[in-house]
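Below, chain A partners chain B and then partners chain C, in two separate complexes.
What follows is the complex of A and B.
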């Protein structure tokens, strides 16, 4: 319901302010959306495969997309690898994070504070510091190069317990009386976790699954090191990035754009469907942290 | 310095008040250090006392315990089995067997070579011409550290085994029943459920985070680089040599490590500052604009911005990076040939601006949630008092936001210091300059420099030094800021 204007001049001023606001918002939206439009347009450019300065291609066509699915590239392999990794990671990572955050939120034991402090300190080390060691560890088990997929799943998941903050923040808001009531009724802690707490965590569960599913699609560093140039073991990020090296970019930039569109579409669709949960997770997590 | 009472403080002018507060801050520094010293001393004393008490209990248990307990000191789990707790006993005994086998056939060798990291060099066999590999320093260091971890785990379990005996003796003495295997299994899903849940995540963290970090800290004290790469070459301990490089300002060829480190650290801090606060304020502005009364299609505006989070960063950033090339779209539209990535200052500004595009949507979401929590009556009474929008913003919104988001700002500052993706995918650290050590560039952050040193130059020793320095900077910053900001809340209170 609109408030009745106190004065005519007031309503006029408000209207101009609103118009300015709309214009600003429209401009901002354009700035944010424009790179994707450019990306999309470039992916249909069949005239010039390199980096170009024009917006609208002179020759349109689907050749870049056809190239992706042809036998000339391993794009499908990369795509499949990434999909498999993302699938495994989103399940395992979510499970690990919830185990950790449930324990830290609900149990009080002697090592709880030290454990949290240690994880805080460990989190302050830059992640890539450990890269070469992880590579060697994986290599010992033969999980690099062509077999990089299980290796990468291991790397993404193994330490994921350290990312418990957001889900713990959510669990902390669930009243403890729930647990206590169930305990009185004779439920074991495991039953409480699975039957009482988990169903209540649906929004944050979806958030965790979504973010951990999106992670592997964008990771470049570990995928690049662990696969180490093996076409069969790369994910899309490492693979598409290899098209942008100084030697390849002239012939492959348009292919990169087409590949980018294909990669972005499923993630984006998923994201738009689950946007509500993502927003809840981000807003909740940052404040309660 | 003169100490003012509250009443006197109120009478001072604004600048005097400020000066007074600054003076007070510096005056407190010695006290702060003193408290820190007391804390550290207390910590050391606590550890010393803990170890002393531990030894005392171990010895007392041995003296006072029955023969089953005494045997358990050497054969783990014997006491448990003898008292009928078969399951526990078998697990203890099994662990001891595994440990002994591990030490004899694997760990013992690596541990014994840890002090020198191998001496036998690789050589070319004169007859066949094949390479005969010598000792592998990398494996010695890695498995040596792993063995140390294993030993700690063994001592812990051994202690647990003795504690078990002590408790069991007490229970028997009190004429109570010992826990059966069934009780133990039930406890795993009930009273001790937290241990069950924690087992896998902590083992993962131990092997994939703690062990590698220990390893890399040790690498910072070796000469592990391109000339000393296993398995062909050995590397060894060099003490503080790598760290000395960090503090050696003069260098013959002009590109000294310490100078480069200083410059890059400075840029990392500048970048983190601008990246954090530009995102923060612009994100807040946009969030306020969208949430303003009378603005329609709120959901649409938000979705448009959030859109950019959904696209994997490597696609959007790599594409944007090419948009800003000399022959890219931006120059094409403007009709110019600006070399955005070739000029140091221009590249730095461009990176910060493009980072807005990445970070603002996220900030907008965070801020929106908080904005809605600000009590509306604050604004209503401000309106009645005739405060203009700017006054409302600076006196209500901003202080409230800063208070709530204090910890978040800190984490996003340290996050930006380590923001690998934005820098690496946009500029790759460039433009590279001659006066920097190890092919570092003008937009390189410490983290991207670390990456290129390790991956391109195989200069692991200095990469390790940089990694540890990043940790130190982040840790000190967090410690100081957490002690200053008011919104570090008590988590128990919150529940």
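What follows is the complex of A and C.
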């Protein structure tokens, strides 16, 4: 007699696969979220300001947060510096990136391809490679140390045109005939960009705003180098880092954790607020569809 | 309202790809011109050069006597309707239609009312007490009295007036507050036409405006464009690949192929006297049949040999051959499917064919048939004159007799494919 092939029912197999993948995912997410939970819990630990062996604090309280906003630290100064830098960079970078993307998406000029290739190649070098040179240049102009804030804005904005890829990809999907219709209707290129293209770019505009805000908000390496330990020029990451030095960590680790939580709040709010625009598509009905 | 003159216009893309060769055309004021041809023939490129959306590589385009080669599209006084509508998705229908009006910042002069005129005159008298000091103001008031009140752009009331009246004409009043997303294809195309209509334009350009619509809607919109044309009464340039649209809409048709103009003429001219085989086969559906044969004269009359029969060339074509004293020669004989008729009796001029494919179109049969010598032909036979048994006979594999008349023939040169009855000295070579 012929042997019946072994049959595993479809639903059974799917269940096994599901169980395995859920377990894997759960493990990964625990590893991922643990530091955040630890940071959050530690920020409420008022018993021991240094590094501790336990996760759940013995004494709970808001003292660490109160300390951040007291006159004893420069936390507010750092926070304000970071905010100013991120705000300026966010506006300038978004504008530059969009103009760049529009030009590369809509205009055809001789150096278009070479320019895109050069930027692609340049983008492959890690930004830190330029750090020493940038530092020297900024120093020449007196934009380091106490004056690090404008210096950092300059550094972050300088290369913003290079991040055009994502928004250009989006602009490429907007039909060119919209531009042409507007041209015939009497709009200038600038009017087309502002009145026709930008309103259609809302989802990708939000994305660009978020990423260009987040970049300088969370940056450490450049800010650390350029501010050179100056309290007036430091951003919040560089400032908080000073609490992690061997001399400070025993007294300030809990403060560091509280600072970390405060830093995360604006970004979280921004995300929650702008998230719905991600989903919305607005191009429907432009052309046949 | 303007004449459009296109002189020696060429479009050369990078890599020496020539999209349009030496395009010459004089479009009269208020004429409806249709560019027609298969895709890639350069018709849209030519239109876009007139619109200013493509650079003109060589030659000139004149609108209303002014060379517009270096003018921006907005300064050419044109309106354009795009194939994919190109409506602004984030604006309502009303704002879509108002868009060109809001951008218009030209100064227009309006007639002064009685009171305004009186006030101006009073002001002028006042100013003239000190003509040296008030020289500038006096000139201003004088200009206003002479030309009327100068207003930059349109006021909101004027825009409202223009948009609503255009919407009324197009029957889209109830959709003015909607976004394009919430409209059907036909409605969107109406909005696109409306947006082009509200502008004061000299030339109205349409780039395949109906090709995104379904067949029924297309027929309906075609009729509406004819009505619209009567209402707007300006110069139209219309691009299409659909020969029916070309035939029904155009005052004149420009038939193009591979960047060359094949023929310019009225729809009747193109249909009755195609300049070459390409035009003959492009205009009319199904395509014109061709039969390679001999044309010869005998006793002052011209004949062609078709499937063993000698058919006399009659009518206008026969006269023309006689007048030109055409020598005997080999030709491609062209006969339109609708000019081949079903022969009930096996008369002297009819010949037997075998039906290969039978397409029942309702009012007529399109029969793909093969003659005894293997030539394939397409025949259109109206059903209305056929008896029940004759209809039953129109099946695959059956033999029927067909014939055609001498006046329905077209003669094309074997090599150049040109119509031997049309003089064409400067005609481009057809590949």
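We adopt the following convention: the second predicted complex is superposed on the first by the 240 of 289 C-alpha atoms of A that agree within 3 Å, B and C clash if a C-alpha of one lies under 4 Å from a C-alpha of the other, contacts with A are read in each partner's own complex, and residues count from 1 in each chain.
In the analysis below, a contact is a pair of C-beta atoms (placed from the backbone, for glycine too) under 8 Å apart; a residue touches a chain by one contact, two chains touch by 3 or more.
Small disclaimer: the values here were computed from a predicted structure and weren't measured.
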### Task
Would you sort A:103 into first (chain B), second (chain C), both or neither based on which partner it touches?
first
### Task
Name the contact category of A:275: first (chain B only), second (chain C only), both, or neither.
first
### Task
Could you look at A:222 and tell me whether it touches chain B, chain C, both or neither (first, second, both, neither)?
neither
### Query
Per the overlay, which chain contacts more chain A residues, chain B or chain C?
B
### Query
When the two structures are overlaid on chain A, which partner does A:237 contact: first (chain B), second (chain C), both, or neither?
first
### Message
With both complexes superposed on chain A, which partner does A:213 reach: first (chain B), second (chain C), both or neither?
### Response
neither
### Query
Which holds for A:21: it touches chain B only (first), chain C only (second), both, or neither?
first
### Task
Answer with first, second, both or neither: which of chain B and chain C does A:29 touch in the superposed model?
first
### Message
Output check: A:170 vs chain B and chain C. Expected answer is one of first, second, both, neither. What do you get?
### Response
neither
#### Entry: Residues of chain A that lie at the interface with chain B and also at the interface with chain C
188, 191, 282-284, 286-288
### Query
What residues on chain C touch chain A, complex-wise?
51-53, 72-74, 78-80, 82-90, 99-100, 103-104, 179-183, 185, 188, 195, 199, 212
### Message
Which stretch or stretches of chain B touch chain A in the complex?
### Response
138, 142, 186, 189-191, 193-194, 196-198, 200-202, 204-205, 207-213, 215-216, 286, 289-290, 292, 294-295, 301-316, 318-320, 322-323, 325, 327-329, 331-333, 357, 361-362, 365-366, 368-370, 373, 404-405, 407-408, 411, 414, 418, 420-421, 424-425, 446-447, 450-451, 454-455, 460, 463-464, 467, 470-471, 474-475, 478, 491, 494-495
#### Entry: Contacting residues of chain A [partner chain C, same complex]
175, 177-178, 180-188, 191, 196, 199-200, 282-288
### Query
chain B touches which residues of chain A in the complex?
2, 14, 18, 21-22, 24-25, 28-29, 31-33, 35-36, 38-39, 42, 51-55, 96, 99-100, 102-103, 106-107, 109, 115, 119, 121-122, 124-134, 136-137, 154-155, 157-162, 172, 176, 188-191, 193, 214, 217-218, 220-221, 225, 236-237, 240-241, 244, 249, 253, 256-257, 260, 263-264, 267-268, 271-272, 275, 278-279, 282-284, 286-289
